[in-house]
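Take a look at these structures.
Each of the next two complexes has chain A plus one other chain: chain B in the first, chain C in the second.
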Partner chain A sequence: MYNINFDVIAQAAPQLIQGIKTTIFISVISSVCAFIIGLVIVFMRTMGGSLLKAIGAIYVEIIRNTPMLIQLYFVYKALPDLGLFLHPIACGIIALSLYTGAYISEVLRSGVNSVTSQQYEAARGLGLNKWQTFRLIIFPQAIRIVIPPLGSQFINLVKNSSLVSFIAVTDLFYFIYKGAVDDFRFFEFFIAGAFVYMTLTGIIAVIFNRIEKMFKLHGREARV
Partner chain B sequence: MTHWADVINNLGFLMKGLLITLELAFIAILGSLMLGTFLGITRYLRLPFFSLISASYIEFARSIPLILFIVFIHFGFLPYFFPGTESSFFLSSCIALIIFTSAYVAEIIRGGLNSIEKGHIDAARSLGLSRIQRLKHIILPLAFQRMMPALVSQFIALIKDTSLASTIGLIELTRAGEIIYERTYHEFEILIFIAFVYFIICFSLSRLSKVLETKPYAKLQSM
Partner chain C sequence: MIRLENVSKYYKNLCVLKDINVNIEKGNIISLIGPSGCGKSTFLKCINGLTSVTEGKIYIDDLEITAKGVDLNKIRSEVGIVFQQFNLFPHLTVRENINLAPVKVKKMPKNDVEMQTMYLLEKVGVLDKIDKYPDQLSGGQAQRVAIARSLAMQPKIMLFDEPTSALDPQMTLEVLDTIKDLAKEGMTMVVVTHEMGFAKEIADKVIFLSRGKIIEEGEPSKIFDNPEKKITEDFINSVLKH
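Up next, the complex of A and B:
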């Protein structure tokens, strides 16, 4: 009979904590980069000319219709063929940001599309240029309604960050898998890994609930 | 940049891998649709005990990376509970994909069922249909039409996720490509080709879902 014994987790704790740190580091930097990419793409697709619109659309379609793992391998294994050598962590951050950025731009675009066209006309009537219209009029209204789906994209980012262990980054999943194989203790390490990932994604969910409440307009419910 | 011969010479091997990818995706889609519908309906009906079970299952499966399921089911759970399945890569990746995707499908199903207007349910009730009959003949067909776009995009995600089965050694499209470029060291061409194949499949599916999305409305307008 298999005896569940959590001492092995305690022994592996220093490594696991190091892995958690790497995972958080990669996730935080990628989150920021992905949000910036998403913003740029959505600005290109709403305010840009036909060329910028086409570039944005092609980027989003290519990224969303190919697996993240292939993109990660591409950055890590194919870019050196072209003469570009990067640190594995940098490769992971680039691939994660590009992948999540496309999804974030789609989420933001659904918010931007919900802003009525009168808002654009009013902004033009006030003499605002495209960037000002986007920054001052469209974006503040759009971001409010897309906070919950935005949160789930960041949760997906943390989950997808586990794939960087396949390009030799020693993140949380790497140490969980290593611990499980070294000690042949699959149940304990699976439970530990599940617990840590659930905690990380739970923290993001709580943060986004807070943000949603912060951005909520008072009195809007009464009108409906 | 003239190693495209690698792709052409190994096209047969890559297509064999593609076949495995499609088989895996097809079985996992069927499995997750069945399990997901069951879980979604138990949550929608608020069955006292099952609802709690499926709610916690959904939360659990949705907050853990898929790769954790694939690796631990393949190397840990399956060999322990069913000795002799150590090399059944297809089975373990299939189980992991079903466990992971069915949680998302269940949430889509529940959302679709909840979106049905009260009027339909009242009308069905006034016709004397029982709870199960209402669900089977009125609510589910209506809801499935609305859920189609979300379901298709979830299944596109599943097709992309089958690439993770390469990490445990199932020779599907991604692993087939890896085997080739581990021999030739020309990663660029092979990876571009694999990405292109995935793109064709997923992009055409997403176009199909756009067509399905507009169809019910087109029918309404013509009436």
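Up next, the complex of A and C:
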């Protein structure tokens, strides 16, 4: 019978904490970048001309129809062939941002599409340009609608960040796996790992619940 | 002041406006009537550049707005438009709805904008709602706020797209009174309306539009009481029966 012994986790704690820090670092930077990418893409696809629309659509389709692991390895292994050498953490951030950005743009796009065209006409009718219309009228209404699915995207990002251990980044998953293999303590390390990831994503869930309430508090959900 | 020359508008193969020629003088009030789907809304949207024309030219103060490279944002800021469904911005208060365009488009100083907003809300009679959100207003109040929002840009022309169609009779009166006040001040206006009594009272000219063509135009008394064409007469009778 297998003896469950969580003391091994305590012994590996310093390394795990180092891993958690790396995972948080990668996740935070990637979240910001992914959101910005999502914003740019959704602006291109909803307000841009036909060329920008096409570029945005092609980007999203390429990203979401290929495995993230291929994208990760592409940045890590293929870019150096073109003379671009980046730190593995930078590679991880780039791949995660590009990947999640495509999904975030789709979430935002569904929000933008749910704002009626009359809102667009009213804003343009007052003389606001496309960017002002998007920034001041369309986006604030769209974001209120898509806060829950948007939160899911950031949660996915944190979980997907575990893939960066494949390209030699010493993140949380790397140390969990290392600890498990070194001590033959798979049960303890994977349970502990799952718990830590759940804690991190749980924080995001709480933050997004707050944001959702905050918008309600300031009155007026977008009524369309 | 506004001149449309041979304006036509197609959506793919569908003809929405056909060979429209209209001349609107400063201070004129034009009432546009016609069955739904006849191109009235498109007519208004062409005048402030929300929709591009397929053929023909539109001039505002001798500036051809259908020419290439014209700053349409500037034209739109000078031509106010009020919609059937009010289209207030639901995430902004009444004050913010009205302040927005003067601050962001005209770059007017904040203090001046605030003063103007208060003045306009007083004028349309909803000053007490200044810090409310649009979903806290009645339809009539919302439409009057929408009118104030357009006026805040100090437009040369106001376009109204069936401003009272979504309102009950009481609220309709409130909004019509507001529009009448504007008429008294000499504002140039194009009003799409089914309120025949109102059109008769304030319009200098009535244009009857059907299937994208101008069927008949003239003084209200002529169009309403002695229409030349059978189709005009049928339409007016059908509206008056309701």
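The criterion applied here is as follows: the second predicted complex is superposed on the first by the 216 of 224 C-alpha atoms of A that agree within 3 Å, B and C clash if a C-alpha of one lies under 4 Å from a C-alpha of the other, contacts with A are read in each partner's own complex, and residues count from 1 in each chain.
Convention: a residue touches a chain if its C-beta (ideal position, glycine included) is under 8 Å from a C-beta of that chain, and two chains touch if they have at least 3 such contacts.
None of these values were measured; they are calculated from a predicted model.
Asks: Just to be sure I read the superposition right, which of the two partners does A:R144 touch: chain B = first, chain C = second, or both, or neither?
Replies: second
Asks: Touching A:L16, do we find chain B (first), chain C (second), both, or neither?
Replies: So A:L16 meets neither chain B nor chain C here.
Asks: Of the partners chain B and chain C, which touch A:G125 in the superposed model: first, second, both, neither?
Replies: The answer is second: A:G125 touches chain C but not chain B.
Asks: So, does A:I89 touch the first partner chain B, the second partner chain C, both, or neither?
Replies: So A:I89 meets neither chain B nor chain C here.
Asks: Which of the two, chain B or chain C, is in touch with more residues of chain A?
Replies: Between chain B and chain C, B touches the greater number of residues in chain A.
Asks: Touch check for A:M68: first (chain B), second (chain C), both, or neither?
Replies: First partner only.
Asks: State whether A:F166 touches chain B only (first), chain C only (second), both chains, or neither.
Replies: So A:F166 only meets chain B here.
Asks: Of all residues in chain C, which touch chain A in the complex?
Replies: Of all residues in chain C, those touching chain A are 45, 48, 50, 73-74, 76-78, 80-81, 83, 85, 87-91, 100-101, 104-106, 133-135, 149-150, 153.
Asks: Using the touch rule from the top, collect the residues of chain B that touch chain A in their complex.
Replies: Contact set of chain B toward chain A: 60, 63-68, 71-72, 75-77, 80, 156, 160-161, 163-164, 166-167, 174, 178, 181, 186-188, 191-192, 194-195, 198-199, 202-203, 206.
Asks: Give the list of chain A residues in touch with chain B in this complex.
Replies: Its residues touching chain B are 2, 61-62, 64-71, 73-74, 77-78, 81-82, 155, 159-160, 162-163, 166, 173, 176-177, 180-181, 186-187, 189-190, 193-194, 197-198, 201-202.
Asks: Which of the residues in chain A come into contact with chain C in the complex?
Replies: Where chain A meets chain C, its residues are 118-119, 121-129, 132, 136-137, 140-141, 144, 219-220, 222-224.
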